[in-house]
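You will see two complexes here that share subunit A, one where it goes with subunit B and one where it goes with subunit C.
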Partner chain A sequence: MRNLRKWLLIFTTICLILPLSGCWDRKEVNELALVMAEAIDLTPDNRVLVSAQVAIPSRVGGAQTGLSGGSGGKSFFMISATGRSVSEADTNVQKKLPRQLYLPHLRIILIGDQMAKTGMMDILDHFGRNPPNRLRTAILVAKDSDAQSLLNTTYPLESLSGEAIRKLERQLTGSNTTLMDFMIQSASEGSDQMASAIDIRPAQESPGTDSSDTGGTNGSTGDSSSQGEESEDTEPAFSFDHCAVFRNLKLVGYLNPDDTMLLEWMLGRLKYTVLTMQVPKTGKTISVDLTQAHRRVRTQVRGNQVSVQYQLSGAAMLLENQTGLDADDPEVLKTFQTAVNAYAVRAAQHCLNTLSKQLDADPTGVGLMIYRQHPYDWERLKDNWHHIFQTVHFTVHANVRIVEGGKSGPPIYEKTHRGIRGEGASGNSKDEEMSSIGGSR
Partner chain B sequence: MSSIQRISRWQFVMLLLPIVIATEILPVTDLSAKFAHQRTWLAMIPATLTGIWSIWVMTELARRHPGQSIIQYAMDILGKWGGRAFGVIIILQTFIYTTKVAAEMMTFISMFALPRTPKPMILGLFLFACGVAVWAGIEVIARCAETFIPITITFFLFVFICLLPNMRPAYVRPVLGPDWFETVIQAAIVPSAWYGEFLLMGFLLPFLETSKNVRRMSYYLLTFIGVFVVMIALQSTMVAGPLIEKLTYSYYITARYISLGDFFERIDPLIISIWMYGLVVKEAVCLFVFATCVTQLTGLSDHRLIVMPVTILTMIGCLWMFPNLAELRSFLTYTFPIEGMVVQNILPTFLLAVDMLRRGLDRSPAHA
Partner chain C sequence: MRPYRRMKRPKSIIPEVRLPDPVPEAGDLLDKALEVKEKQLRETFANCSDVVFRHIVCPDAVGQGIRMLITYVDGLVDTKHLDEAVLQVLMRQPLPPAPAVTAAWVQEILADRAVPAAQVGVVTTYDEVVAFVLKGSVTMCVDGDEAALTLSVVGWKQRGIEEPPSEPVIRGPREGFVESLRTNTAMVRRRIRSPKLKMQTFTIGEFTKTDVVLAYVDGIAEPSVVEEARRRIQRIDIDAVLESAFLEEFIEDSPKSPFPQVQSTERPDVVSANLLEGRFAIFTDGTPFALVAPVVFWGALNANEDYYERTFMSSFLRILRITFMLVSLLLPSVYVAMATFQQEMIPTTLLMSISAARESTPFPAVIEALFMEIVFEALREAGVRMPKQIGQAMSIVGALVIGQAAVEAGIISAPMVIVVSFTGIASFTFPRYNFGIAIRLLRFPMLILSGIFGIYGIAIGIVILVIHLVSLRSFGVPYFTPVGPMHFQDFRDVFIRVPRWAMRYRGGMTAKQNTIRIPAGQQPGPQQDKE
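Take a look at the complex of A and B:
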């Protein structure tokens, strides 16, 4: 009996000691430096500059409860170092930090313009190989600037500027381009890469300048992002308009806002956006809120001649109607619908033209579509795909339905025309909205 | 005495389930994707053929020799020395099982969960837990399996549902294409070896309370495993697309990708621990079979005498045979399927053929 008890004691002791071996990998929260965002740049002497945005936990919490991050100082600090590779730079950053760099919380990587132009291979390898990095991390490009200074900007609403950038992209397109997406684009047959581009603009734009710096292709002033994040002073703010187009993982150019939006649409990534376009014959504009954006792609291969048909569809609601026409009239709505579709087709054609003729990059994945739909033909085409891509014939059809005319039918500021338009004009606008919503479901 | 212990049919199923699932989903899907790319899920279907074959042979042998394990009836069928030679081969095969499973566990845990902990420590702890279970006998392992495996399966289904928003069915296309048949068959060879591990049935069947409907039950189990594995392959393909063949543990990487509403994220520690349930059960079963093998071949009275040496041998073998991940992956891709085919499928079939022949010869003079 005593013998058994002794053995039991020894056994229990061993069992209790065993869990201690986990201490090799212990990570106390107060020994960690949580990296929320990283900016990766290329220095002029071809070294990688990694700037880590490390959260200061006490200030992050404080910023949420009351005042904005500006009052108590920044809720993050930037720390950076150079190296021959991202990992070496990380190690050099670590040398300046008393706490361990903790990467699993990294949510955004901002790539400097110069880095992106030189090539993304090394960066992707680092993030695809180093186990703590998650592929959910969003990847963005700093348009025409270095990423470090961009990330260093404080932002009034978000305590962490990295978060602000990430949410900005998601808020406008409905999703983030994650590392996984980017790598998939890169590893797929016949597809080049794209990522959203962020640049810095003054938060308050003066009346003189046009918000859209592209000169409004197709006569439209469509600029889905100029909804103006509020800011007390004229601090610079991030703005997301453009997207960076890569070819073989090297940045080749940026697309203007309209093209960006259409590219997202044609990739099937767009969830919602606001479109503004001119209505033919009236010379005035309407704005619609596009939701349920979908696209279908059909490809045909005949010899070396490839033709691609895009079918864009979606449901839209009228947001603004400058034409003064009565949106209750099915005929008028039909005109508007034609205008929206004509705009979408034109913009899509423009986007595809820019991509195939100017940039010679294929982020829409036309090659990938051919690989999926005609795998046998692709074997033949893939070797000189970039030559064939320039001769691809694109057809775009748009089938956006305007399902709702908004809160008011006829222009709300107009005097009612009793007797001329009868019951239609006197209809209660609330009822109108309800019935039209009911009709669309 | 271990022979007194009995397991129920449900426990038997739960013991066999992790044998394929626990190790197949993490390393194997990616390895077979190296050949089949986006058609990995298709490759998982012909792979079950070895499972059908193995189950048929093992249940047929068990029907002919009830209450005996494969080592015992091999001695009856092939004679004393032939049976011993056969037994040694089976022992080596179970040794490969134990080392292989331990190595899969070790490389995964040391990469993702405990990078700074020395590998022998991880391995030692894992094998200690399994060794204790083996010491306690098959009943205890069966009860562990009964508890853990349903949790594991439920959790894997949960992960699948959470990943639904991130799945893009287009990544599976093109289903057919140039050389699709060859690539699928090539890719099916890798997972086929895992289905051959139903060889372990030869040791578990004697412990079963009733041998009624065992074959039908095993086929149901195989169907479930097949569907499950196809589902896992589809999940990885639809989330990671062409990356599946490049990622070392694509299942884990895709599960890490889960993000529901920006706050339900980073469930990877859970995945590791729940995957460990399956691994512990599988390793325990393999170790148990290894120990039983040695016991029965040497004529020892109790498998407990062997548990400790066998566990330590596994630890040494694991560190010696698989010094790095590349070695392990190359072994799993190129060596194990061929070797497994010979030992797991062809040898038992040979045993069955000899048995049939001998019985036929025995019976025909009796009738005459």
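Take a look at the complex of A and C:
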């Protein structure tokens, strides 16, 4: 009895103490403003402009409102404020919001071109220090544009444009460059940073406009802002193929699509891509589907002379063959293979040249490789690395195997000799058919 | 002086009041004269209209006849059998010749030679006579002898043996215990045909005088445990035993625990299996539920059918049950914790739909969850108590109310309905009803904890729960065995069930002296030549 009373007393005391502290940090989901994406820009007067893309849950989730999708309401709204730092801007954004700014579900951070050029240090500190921010947040750069306008566009397939950007990168490269990746790159010895760049193009490209796929290194400026206000029949769409290269956390330039792909390959991040190249002597192109991309790097240091050898490898499947040659023929396949490898070597050299000679930035981590492979030499080289990097001698070998010629050997539309020879003995032709199928395996 | 002392009440000085003994002349020896005996008995059974007194005169060799008084309770006795097998014999044929009725006459003549009944006994006191009459025996008091004959011609109406509704099986024996003690013990005896199966009878209850049988297998069961059980049963001083639960609450180790430390079952196969694992069983007259102890936490997640189905299915079901036990205990609180404190743990897309659904709901998630859980429990309780015909209609109304209307009216959010119904389904997966009740109850403190502290509160709750469980004992056996104190040998029958031939050992805590259950090397397979 006494025992029971004692426990009762303890229980009552606990129950009474609990509300006394007055700190109940309960917050219902409908008291939160879920920030799905944040755009960070630099205003002309050097203040940080933070634009938060806040989801409107009843428009995004909820099957009840599923039918009213045609009403055309945006499923997010943008709210922005400026401040001297990201945190101050966040606080100022909060002042405009009746709900608590909720950052843990932030999926992407979009950095404006100007902001990135000025330097990423403040941003990285904010996102690395403030607990609600997650390191898995994807970080992207708005190519030649301010981030806010990019985030403001609606995207037809995804209800949230930030989500569309994130998925776009993920879909194309298999993973997102997260804040963590970026920080690892910036914290590691002898490596510069890179992030995916995003810009806006019309969703439908008319035959009249020339494609900017083969554009130069720095792309054409003002491309996205002009096409943001396209006529209504061509909705704007995000396009992801460039990559932003930083040096010492400052944006120095963009790589064109081919260089971007090769950079990924040389970083060992490439999972899947489609390569299109000309086959020598035919003047026609083939397309291959590259998987299992690997790379091997070896560095050599002799005095101040550094040479780097890249060994690229992978497996490819023939996707398209404009040459009209029989892909079942091992000789032809060998030709194709040589073409693919030559293309890879050429493109890699171009990429490395752009990086070392033009941008003088080292996102491939050549310095990191030297640090790992020649730690004593690195001590000597590191202070002067950015000068030495320009003189690094790159050699690239490619060893891509074409493992499969697709569904048919020669172009399937082509009339083969089989019909003529088959007139004599149908049994023979069948045998040949069988053997040709067997050969393609 | 500590402050709480002041709240103490002075101890009650009123002594415990007990009703006077219903048989006042307890222990008195029977008188010789039949008239005195009849008067005494009639006084005892005053106003008991169901007690029958019947005078007969048996012809004897001398010819003057011997007067007898037959007393029994109408309805408890098979009167047809009494007429045919006893009265006819006694009244038609003369009794075997004997000297006049003297002291040992009842024993020598009546019991040994004259009355053709299987179970007879000789009693010499009034309260014994009364006890036997009330038990359903027929007592015969003879003029001139101080002893009375009791014969068992019990014949009250019994329920037939049916499949136990509380523990149905797909495969397995379909008979269940009934309300009669002897039928139940016979069902077990039929399964364990060994003299090692011991059954000790106790009579408990001031008024009910209920027969209680303690059964165990000598040589398997731990003698100290059986001795402890015997001691606890004998210690019980109670007015009535109407169900085995009356005993359970007296013999369990920790009455303040929500977890049952004694298993109750309606199935003779379950009782037999437990006896053979070194546990003991307690049968109570008047109820089909037998008690089995000592039991452990993990045993509550085993169904008897686990042993009748193939091992893969049984193992799968066990893991399923453990999972759903956790779901049943934690799902509403985890949902509440995540929706009100740790929103960052919810996947973004899911958070969107939860957020959308909760946009217009008026109550906080905790209140919503508590409300829904209570409504669900009420529905369930009503479903059990309602007459079957109404139950149907009510469940439809209930499903509509909590399922659809509440969501459409914007009072409850749709994810909450999913969570609560999922929890409801999970709580039906317990093979043992009384264990499920414990989990159902603990859901509410968990919910409140998570509503106050979030995931942290759930962690506190789980820690407290585990501390409680590992400190709990059932008849000296730690409740969390074989996980609490590790017994790797017993792991063959906890999370998975190994095939029978691999279940070589009996439970390590309950059968210490007879551990080998099955000799090794009986795994079926191609015949191998052994030299």
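As a convention for this text, the second predicted complex is superposed on the first by the 366 of 441 C-alpha atoms of A that agree within 3 Å, B and C clash if a C-alpha of one lies under 4 Å from a C-alpha of the other, contacts with A are read in each partner's own complex, and residues count from 1 in each chain.
The criterion applied here is as follows: a residue touches a chain if its C-beta (ideal position, glycine included) is under 8 Å from a C-beta of that chain, and two chains touch if they have at least 3 such contacts.
On a predicted model such as this, the values are computed, not experimentally measured, just so you know.
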| item | value |
| --- | --- |
| Which of subunit B and subunit C A:Ala164 touches, first, second, both or neither | neither |
| Contacts of A:Pro104 with subunit B and subunit C, given as first, second, both or neither | both |
| Partner, of subunit C and subunit B, that touches more residues belonging to subunit A | C |
| Touching partner for A:Leu9 - first (subunit B), second (subunit C), both, neither | second |
| Touching partner for A:Met183 - first (subunit B), second (subunit C), both, neither | first |
| Partner chain(s) touched by A:Leu34 [first = subunit B, second = subunit C, both, neither] | second |
| First, second, both or neither for A:Asp25, with subunit B first and subunit C second | both |
| Contacts of A:Glu379 with subunit B and subunit C, given as first, second, both or neither | first |
| Doubly contacted residues of subunit A, that is, touched by subunit B and again by subunit C | 18, 24-25, 104, 134 |
| Residues on subunit C engaged by subunit A in the complex (per definition of touch) | 4, 7-8, 339-341, 343-344, 348-349, 351-359, 361, 364-365, 451-452, 454 |
| Complex interface listing, subunit B residues touching subunit A | 111-118, 121, 125, 128, 170-171, 173-174, 176-178, 239-243, 246-247, 253, 256-257, 259, 265-266 |
| For the subunit A and subunit C complex, residues of the former touching the latter | 2, 5-6, 9, 18, 24-30, 32, 34, 36, 55, 57-65, 102, 104-105, 107, 132, 134 |
| List of subunit A residues in touch with subunit B within their complex | 18, 21-22, 24-25, 104, 128, 131, 134-136, 178, 180, 183-184, 187-189, 371-373, 375-376, 379 |
